[in-house]
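Worksheet: one structure, shown below.
Chain naming follows the written order as A, B, C and D, and within any one chain the residues start at number 1.
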Amino acid sequence: MAIFVDDSTKVVVQGITGRDGGFHTREMIAYGTDVVAGVTPGRGGQVFDDKVPVYDSVAEAVEKHGANTSVIFVPPFGAAGAVFEAADAGCKLVVCITEGVPTVDMVKVMPFLKERGVRLIGPNCPGLLAPGIAKLGILPASIVKDGPVGLVSRSGTLTYEVVYQLTAAGLGQSTCLGIGGDPVIGTNFLDAIEAFNADPKTEAFVMIGEIGGDAEERAAEYIKAHVKKPVVAFIAGQTAPPGKRMGHAGAIVSGGSGTAAEKIKALEAAGIPVAERPLDIVPKLQEIWKR
Amino acid sequence: MAIFVDDSTKVVVQGITGRDGGFHTREMIAYGTDVVAGVTPGRGGQVFDDKVPVYDSVAEAVEKHGANTSVIFVPPFGAAGAVFEAADAGCKLVVCITEGVPTVDMVKVMPFLKERGVRLIGPNCPGLLAPGIAKLGILPASIVKDGPVGLVSRSGTLTYEVVYQLTAAGLGQSTCLGIGGDPVIGTNFLDAIEAFNADPKTEAFVMIGEIGGDAEERAAEYIKAHVKKPVVAFIAGQTAPPGKRMGHAGAIVSGGSGTAAEKIKALEAAGIPVAERPLDIVPKLQEIWKR
Amino acid sequence: MNIHEYQAKEIFTAYGLPVPGGKVAGAVDEAVALAEEYGLPVMVKSQVLTGGRGKAGGVKFCESMDDVRTAADAILGMDIKGHTVHKVLITPAVDIDSEFYIGMLIDRNTKRVLLMASAEGGVEIEQVAKDTPELIFKHAIDPRFGLLDHEALGMGLKLVPDDIKKARQLGATMQKLYRAFVGADASLAEINPFIFTPTGEGHAIDAKVNLDDNALFRHPGYEDLRDLAAEDRSERKARVAGLSFVKLEGNVGCLVNGAGLAMATMDLVKYYGGQPANFLDIGGSSNPEKVVNALTIILEDPEVKAILFNIFGGITRCDDVAKGIIKATESMDITVPIVVRLTGTNETEGRALLAKTDLHPAETMDEAVQKAIELAG
Amino acid sequence: MNIHEYQAKEIFTAYGLPVPGGKVAGAVDEAVALAEEYGLPVMVKSQVLTGGRGKAGGVKFCESMDDVRTAADAILGMDIKGHTVHKVLITPAVDIDSEFYIGMLIDRNTKRVLLMASAEGGVEIEQVAKDTPELIFKHAIDPRFGLLDHEALGMGLKLVPDDIKKARQLGATMQKLYRAFVGADASLAEINPFIFTPTGEGHAIDAKVNLDDNALFRHPGYEDLRDLAAEDRSERKARVAGLSFVKLEGNVGCLVNGAGLAMATMDLVKYYGGQPANFLDIGGSSNPEKVVNALTIILEDPEVKAILFNIFGGITRCDDVAKGIIKATESMDITVPIVVRLTGTNETEGRALLAKTDLHPAETMDEAVQKAIELAG
């Protein structure tokens, strides 16, 4: 078990013939992900790496191969269009890796997804890796290990850092999920936490937040009210100056709100231990888990 | 029984303080319709005719009086906005009398209604009169009579003409419905016929079409396949020249299609008698009804 | 409201559609001057509000200035299906490699704007629709999301399956056409043909737009697009007076409230062997002035030998109509007989008012129609 | 991207919002000339990318030309929260009867554009939000239907319950502001205050717009709105090079891939008693040239005494990063010590490449940070 994916996950990669799309498609396949097709308009009829058929549209990939999940590696100007296409074609899970998507585009796409019951992960995210099941995106497979810990994060590489430490400590993962650093994202902390809470394989989980917005505060409330599993949190950006966008479009302290201090306070008030350093996450988790 | 209305129908009139809105509100009340409130932005707090409280918004009328139906008498530029408002406030039936509403506005409003499960009648229509139950719109109450015949029409005054003759012949009506003469309307022939077919009170019905579009042809197919009740049709505009809009925005023969001849042919092919003159409708109905 | 090709192209240009340059000329010298401005070859295209201009000789390809002069001279003043050509569009001629049809209209059944596209461009689309409907691709556009990228590109790829660049151009053109359609409140918008040159440039070579009369109030500038010369004089008067009026060839003038009843009245005149002189809907309002205007317009037609009022009062009250008729007949010198039939809201009051006049009353529609035909002789 | 008031007003004007006239001046004489053009009284308003201009004396009401001269002279060159005033906006002063706040921003929770409006206009809205949140009305706009008439009017009526005309003006302003927000790809758009004059005319007196950096590619003209003088020199260089960079005050230069890891690295430098010199995310791409650019920018800061690379390879491959670091160090004359920590995709290849250099390797983030602080001294 894992969250959001299972053995029936069949992947179509949008932008498969691009540099990053191609590289990571190979990585996904190497991990054992069932990549059934690729899409690049104008390249229909080609075969990627002599293995994966390429089509002009997601609809063809769905029709001919039963793709139900899309992973998107297209440039920012086409990314929202790619999400619309995947959802319209019937994919029920869409993972958008692309960074730099205009926010208004994501605002427009959201109700389209809701109407069709489609889950979006991202954009501007590393995607999801469910050890032993599937790798959807760019999380490096070498660092994961199958196990009982869930991980959800707004970051990319910081996620890898924590996964690396979990694995080094012998704590395997049920699902590692990067939800993305943009202000408007498909799957947020609440969705992920709800799923981890319901997932029987996940025994404990880690949440990695950062400055900007109040998703961590909302997650804290939810965890306090509904979650019995052990949770440890980390918040990046304690030293970030206000009013400056820290890389991620969503990582900004504006009008005095969205600070790391506020988030840490809310998490601690909800009884969730917050690690001071990434290095402290694993010991904190072990401490409260006491298994 | 009747179609689309019943004893629980509580009406809010949008544009109640206008000339036509006021006149017809009085007529509706005189007929016994449960008009619970009126709306004219900026007139909130007034009382219409010392009887009907006026509000600034439909939401207030719904909240304070349980209005579930709106009848709209606002000018064309505000009509679509009034439909949006009524639907958003929770009215489940909206009757838009206004003539001259831009078609693109109605195109925009349609999915909003669909999402909320709202039935729209019109625009550019006389509304609905269910003898003994409610009068929603401008159909003259003096000419109707309670009884078993349903009537659905794209026209206004031509509808009255036929109702008048039905009543004169002793044939009362279950519901008289004018669906409106615009190209894009909320409730069309199919919807009305489906409802009449299901309504136990309606024993037979009359359908009054006109040139433009193919709604009559579609209705003919439906009737042939699903309707056992006696039906007589009439089509106006046999002498209308092609390419000219005959008053109604939707009454135009364009690209050689939408002619009265085509419609009559399709109806007759479906076994539905088509009256040559309005005067022939009642005798034709009596003939096939043989009750 | 139908507008000319050159006007449709102005709207298209405002929405970023690729339209080749072009200007209209009302005289031969002007046409030649424009051709010199653009450089040869050019097209000389009659601007009339009807189709079939090409077949009628109203569109000419010109390789020399003599050609332009000859073509403009022949086309200006030409009659095409009853429309006189007052203006020609001079536009640079482009080499055509392939032609497409792209059109949009209001679809009554889906209640959406319907995109239609075909690789059978440059011919009459109605004929394609009849003979080979499978060659026309259709997509009803969801107004909430507009024409999405993958929908537009998918449509483009149906037209040119093996040329992604052209498919993208076609798709982008469809998206712009949709914005133009909605932005201008069109009821029909067509590019036929959309062409590619041998070097792959796309151009909207011909343009047709019908505007929604109901939406003109929010486009005050569009009133200037109306071709008053192409409009029947009495139809124009009626429009200005806010009346729905269509001129016909008969001798029974009809004044009816409601479009459906007006059509049924015309049909009934024909049924009883008469000929209606017009369609006229005095509308849902009951302004007596409207009745005066309506009578004035109808009486301008010397063919009219009798007048038939057929009024069933709903939103229009019969007493108001009666007052209007009386006011009109009192203020005018009317020599033709007038048959009046009033039924509906306030009919008693209305009839009481009329009783004191020398109008011919009628109780039913059939009686009124027969009486009017008889009086028209 | 933050833009100036006068630029925001240009965007507002393009979307039909009621903005009083106004032009910017960079010199006192220019300011006076503009005041003469508009006629007295005028406002002289500093154009700086920060709030609190009024409190700082950067906004003056001027009734005479002497006032204008004095105000322009005082304000031009003024420092407001670290921002030097290079331009003043001269705009006709209007009589104010009532003031409102109208703003929109991207709401992360509803995933929509959030309209906020208050009758408490002309003051700091953050303060209103803290003290009397019930005085701010909010509505999350459904992108499928836009801000509907009844929603806008309803919001207007909340601000002025007894004045339908003003409520309509406020509502129409909100609808135009929404179109401007979406059309310009804003992340924030505020009118504070929107005012009515005693005769009931509405004006957007002050304007604030932040543009979505991610959407600048589709507004090529907006690049001209960027105030290069107000931007930190190294931040500008980083932006041009496609790097996410924020200048800080410390001595440990940080090059990190990924924004979250970069923030965590800064936090860790602080945790171990050091001071980060910057935030720098070299991004998801692995172009060695980017590393060169990043190093160049960081090394321009004389405060930087050590450099810390913290790279965890996912989409960025460690071998590419290693190549970039080697290329950079070979081509540059670098005197400060460089600590490099590489983990993730192709980490073995990356470390193998680095092994031949004199860079300081580190296995973990904590080790790398401690070593860099130590080397920075």
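We take it that a residue touches a chain if its C-beta (ideal position, glycine included) is under 8 Å from a C-beta of that chain, and two chains touch if they have at least 3 such contacts.
Given the structure is predicted, the values throughout are model-derived calculations rather than measurements.
Which chain pair is joined by more contacting C-beta pairs, A-D or B-D?
A-D
Compute the centre of every chain as the mean of its C-alpha atoms, then state which one is farthest from the centre of chain D.
With centres defined by C-alpha atoms, farthest from chain D sits B.
For chain A versus chain C, what separation do you get between their C-alpha means, in angstrom?
Each chain's C-alpha centroid was found; their separation is 55 Å.
Determine the centre-to-centre distance between chain A and chain D, using the mean Cα coordinates as centres, and give it in whole Å.
Each chain's C-alpha centroid was found; their separation is 27 Å.
Can you give the whole-Å distance between the Cα centres of chain A and chain B?
The separation of the two C-alpha centroids amounts to 52 Å.
Listing for chain B: what residues touch at least two other chains?
Only 108, 111 qualify.
Which chain D residues sit where two or more other chains touch them?
144-145
Using the definition of touching given at the top, classify the network of chains in this structure as line, ring, star, complete or other.
other
What are the touching chain pairs in this one?
A-C, A-D, B-C, B-D, C-D
For the complex, give me every residue of chain A touching chain C.
Chain A reaches chain C through residues 41-42, 56-59, 78, 81-82, 84-85, 88, 108, 111-112.
Given the complex with chain C, which residues does chain D contribute to the contact?
Going through chain D, the ones touching chain C are 144-145.
Could you please specify the touching residues of chain A with respect to chain D in the complex?
That would be residues 20, 24, 76-77, 97, 99-108, 110-111, 126, 138-140, 142-143, 153-161, 164, 181, 183-184, 208, 210-211, 213-215, 218, 234, 236-241, 244-251, 255-256, 260, 276-279 of chain A.
Which part of chain D faces chain B closely enough to touch in the complex?
Going through chain D, the ones touching chain B are 144-145, 148-151, 153-154, 157, 164-165, 167-168.
Give every residue of chain C touching chain B within the complex, in rising order.
The touching residues are 106, 108-109, 111-113, 126, 142-144, 182, 185, 187, 212-215, 217-218, 244, 246, 248, 256-264, 266-271, 276, 279, 281, 283-284, 311-315, 343-345, 364-366.
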